[in-house]
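After this come two complexes, each holding chain A, first together with chain B and then together with chain C.
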Partner chain A sequence: MVNPSLLIGLPLAFAFSIPLFGLISKKIEKYIPIIALFINMVISFMLIPQILKKPIVVSIGGWSPPFCINLVVGPLGILLATLISGIGFLVSIYAVSYIKEEPTEKYHILFLLLMVGAIGIVLTGDIFNLFVFFEILCISSYALVAYYKDKEGTEAAMKYLIQGSVGSSFILIGVALLYGFFGTLNMADIASRITSANPTYLFITLAFLITGFGIEAAIFPLNAWLPDAHSSAPSSISAILSGIAIKTGVYGVARMVYTIFNANSILLFIAFLGLLTLLIGEMCAFRQDDIKRLLAYSSIGQIGLIIFALGIATSLGVFASLFQIVSHALAKALLFLAAGYMIYRVGSKSIASLNGLGKKMPLTSFAFTIGSFSLIGLPPFAGFVSKLSIVYAAMQVKKPVFLAFIAIALIATIIEAGYFFKIVQNLYFKEGKNLDKITESSGYILIPIAILAILIIVIGVHPQFITGLLKASARELLERAGYIGWVLGGT
Partner chain B sequence: MRTRKIISIIILLILAGGFILTFSQIPFGKDKINVAHYYISKGIEETGAVNIVTSVVLNYRGFDTLGEVTVLFIAAIGLGAVLFTEKRVQKHASKSKDDKTKKASLILRTGSNLLFPLILLFGAYIFVHGHLTPGGGFQGGAVIASGFLLMYLAFPKQSINKKSLSVVESLSGLIFVGIGLFGLIFSGYFLSNFLPKGIPNTLFSAGIIPIIYIAVGFKVGFELTSVIDDLLGRGK
Partner chain C sequence: MSLIYNWMYYIASGGLILIGMYIILVKTNLIKIIIGLNFIDTGVNILLVCIGYVKGRTAPIFSTSRINPTNVVDPVPQALVLTAIVIGVAVLALALSIAIKVYEHNKTLNVTKIRGLKW
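Presenting the complex of A and B:
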């Protein structure tokens, strides 16, 4: 059996060793993240069948669970860990030829550590450890947003740093309160004792935690940092921030609300917040003329949709929400990578400058089209299946309020379709200026883009490849007694 | 502008209210916390470290410490990435004659020369004895970095070799993770204490704890030094 703690330990060791490889030759360093994340991807794929049979609980240090830190590798954890290592692997291939500005060594270290943070968040079973990994993720992304050292990036990173630190301190306060109430930091242990505390104070604690994770997840009204940070970071980092980092915030919210607090009463409010985020994100995206800002606002909208589906709280709703996480991660990573290279070739971020690129960069433009169609929810792409399940889940609840909600969500989808169709139309049917010298992307850029596009189509045509894992993950969130039982034994 | 201030004050008051209300409910300091109780009663026997804080930080919750070391590493690397300058202007400037940094006074230079080895020795003492006396790798590392800060102040024109700094940082980080992986190989658990625990209260006791603390001490000391170096604008 492969031990899941390798999923965190190995990339960490690789990240620490990058400066040493740098002593041998400066050319090696950019291949280290590829190797590390490839190994991670293979390990997590190998673990999937085993975990579907029986979740693995690993204790770190060899003590029994409430007394040590433990990893809880259930279906949800391994689903997200696989997604993170997979997308991280593809983006690190992209970065080989995309990242040219010095200090590249520091870029690759920070990138790999960002991945370690994200994987740690989804695998750990200890709430303070979750906070530590959250800090690893956040601090490395602050530095990477400012990587180009231009005015725009530095300002965005500063904004992100201030708001992110407020979020982190809220999480820390929440963790401290939980430790004060229950005297334990193990998530399963806290979950099993949650009924013994006064509900009012628990509500305040939950409010601190949701606000903290909500800032990273960019739930309205906590989303002010995102458009700046995601649009001024290097495109490979934008892809990771939009594809992976904000999802860890969503994971945090879901874990707190479902597993630890069992807070069914606030789910309707969560669904409402999600809807609000969706509408505001899509409406802002419609007005942008900078392609990366548009994609960033569209991420806010998509997060809204994910949070909305999470608030439906039926097994189908949570399933649809997780499906949307997967399809959005693939599509948004693809869009940022493709757009990033188009921007690199034309030298401008404005949407108008992309006119006519469809003929000059046919493969990249085609992949961009696939990504945007998947986000809108057109068949036969992955986004179609996930959006359809969200609609279906909302209809199934049979409450009039959810029917109204889903009607609003569909309006937001129409807005989304509006701006993506406009871009795709401009790519293919408008004449561009000064495009003579522009050529197709090179190999290291095209490989990850092509793989992402193929994945979107394959999942769209054969969703049964992942539905089993998604259903088991939804069950993990909804059946908290099961989660407690894995860790503490019994039940 | 004014309404904005009033609104933010109201929000802060609500926050503080919720905060105080909830914290006042928690009976801090009472012996009701069973996890903490376990550490106090079993800690020395199970880990071999007389300093209970160390036994929790490096053994029961060693994974968190690995994470915190990583956070510090990221902070140092991130600062280096953000403040990176390719032109190396500063290096040339410091050699030229119209340099504005003054030479430190004779008293400061002599005093620093005298104190520097003692500070290093004290820092090393703190992290080597982390499992026996209060303190440990982080504290010892910070003391070491303060020694380097003193040298930077006394000799503004010299700077430490960055390459060796980053080699030490990487090596000590690798040792920490490596011990974790060895634990996985020898006893099946990441970061488990696979070495003999020895007799409590002696220097060679508590298994992997002193080794990790020595690595942490080096890592923290050199990372903080490189942060100081970056902030002083010495370039690369």
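Presenting the complex of A and C:
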């Protein structure tokens, strides 16, 4: 049996060994993240069948669970860990030839630390540990947004840092209050005793925690940092931030609301917030003329859809929400990677400068088209299945309010289709200027883009490859007693 | 008076957090905003320490045999605060170094005048 703590330990060890490899030769350091994340991906794939049978709880330090820091590797954790290491692996291949500006070894160290933070968040079973991993993720992403040290990047990183660290402080306040009530930091232990505390205090604590995670997840009133940070970062980092980092915020919200607090009464409010985020994100995206800002606002919209589906709170709703996490991560990583290289070739971020690229960069443009069609939700791509299951889940609830919600969500999808079709049309059917010297992307760029495009189609045609894992994950979120039982024993 | 006496540390931590929020929301100088972030950090750290504090007990260092678990304060929040302080220092250092870069590009620290990125 492979120990799941390797999933966190290996990238961490590789991250800090990068300068040592740099002593041997400057050339090998950029391949270290690929090796580290490939091993991670293989380990997480190997763990999936075991975890579907029986979740693994790793206790660190030889103490039994309520007293030690522990990792709880359930279906949800391994699903997100596989997604994170898979997308991280593909993006690190992309970065080999995309990141040329010195100091590259610092880029690779920070990139691996970001991965450590993200995987740690989804695997840990200790709420303070969650905060620490959250800070690892946040600090490395602040630094990576400012990686080019240009005017836009530093300004965006400053905004992200100020809002992000207020959010982290809020999470820490929430952790402190929880420790004050229950005297324990173990999430399962807190969850099993949650009914013994005063509901008003719990509400205040939950508000702090949701605000803190909501800033990272860019839920509507807290999303001001996202378009700046995602559009000013290097494109490989935009792909990671949009594909993975904001999903950890969603994971945080889901874990707090479902597993720890069992707060069924605020789920309707969460669905409403998600809907608001969806509308605002898509409407802002519609009027952008900078391709990366457009994709960033579209991420806000998709996060809104995910949060909305989480708020439905039936097993199908949570399943659809997790499916949407997977399909959005694949599609948005693909879009940012493809758009990043188009921008690199064209030298401008405006949408008008991409006109006519479909003939000059056929493969990249085709992949971009697949990604945008998947986000809109056209068959046979992954986005179709996830959006269909969200709509179906909302219809099944049989409450008029959810029917109204899903109508608004579908209107937002039409807005989304509007701007993505516009870009795809410009790519193929408009004559561009000064395109003579532009050539197709090179191998290291095309491999991850092609793999992502193929994955989107494969999951769209055969969703049963991942539905088993997704259903088990949805069960983990909805059945708290099961989660508590894995960690504390009994039941 | 007894209210203030009993809840002194909580009031102090809440006050620091609120002062920090006020600075971040109102001040326009970037350095002052970063100081505000640090205020919030310090407030949260005091909150953590006072959650584990029990009046009249001593530090949980078992160097002398007279100290037993019934007359020491809770050591866990102190361990948490150490971690939180380290994280706070890292964020502060990163924030100040990014602020230097922002100043180099914009020649100002006034956030109302730094408008490279708009809505």
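Structural remarks
One rule holds for everything that comes next: the second predicted complex is superposed on the first by the 491 of 491 C-alpha atoms of A that agree within 3 Å, B and C clash if a C-alpha of one lies under 4 Å from a C-alpha of the other, contacts with A are read in each partner's own complex, and residues count from 1 in each chain.
By definition in this document, contacts are C-beta pairs under 8 Å (C-beta built on N, C-alpha and C of every residue); 3 or more make two chains touch, one makes a residue touch a chain.
Keep in mind the model is a prediction, meaning the values are calculated, not measured.
In the superposition on chain A, no contact is made by A:130 with either chain B or chain C.
When the two structures are aligned on the shared chain, A:149 is found in touch with chain B and with chain C.
Measured by the number of chain A residues touched, the leading partner among chain B and chain C is B. Of the two partner chains placed by the overlay, only chain C lies in contact with A:161; chain B stays clear of it.
When the two structures are aligned on the shared chain, A:169 is found in touch with chain C, with no touch to chain B. Legend: residue contacts after superposition of the two complexes on their common chain; A:139 is shown touching both chain B and chain C.
Once the two complexes are laid over each other on the shared chain, residue contacts for A:201 go to chain B alone; chain C is not touched.
Applying the stated contact rule after C-alpha superposition, one finds that A:232 touches chain C and leaves chain B untouched.
Contacts of chain A with chain B, set against its contacts with chain C after fitting on chain A, overlap at residues 128, 132, 135, 139, 142-143, 146, 149, 154, 157, 173, 180, 183, 185.
Those residues of chain C lying in contact with chain A across their complex are 17, 21, 24, 30, 33-34, 37, 40-41, 44, 47-48, 51-52, 74, 76-77, 80, 83-84, 87, 90-91, 94-95, 98-99, 101-102, 105-106, 114, 116-117, 119. Contact residues on chain A toward chain B in their complex (touch as defined above): 3, 5-6, 9, 12-13, 16-20, 23, 58-63, 66-69, 102-103, 106-107, 109-110, 113, 116, 120, 126, 128-129, 132-133, 135-136, 139-140, 142-144, 146-147, 149, 154, 157, 173, 177, 180-181, 183-185, 198, 201, 204-205, 207. Partner chain C is touched in their complex by these residues of chain A: 128, 132, 135, 139, 142-143, 146, 149-152, 154-159, 161-162, 165-166, 168-169, 172-173, 175-176, 179-180, 183, 185, 227-228, 231-232, 284.
By the touch criterion stated above, chain B contacts chain A in their complex at residues 18-19, 21-23, 25-26, 28, 32-36, 38-39, 46, 59-64, 66-68, 70-71, 73-75, 77-82, 84, 86, 163, 166-167, 169-171, 173-174, 177-178, 180-181, 183-184, 187-193.
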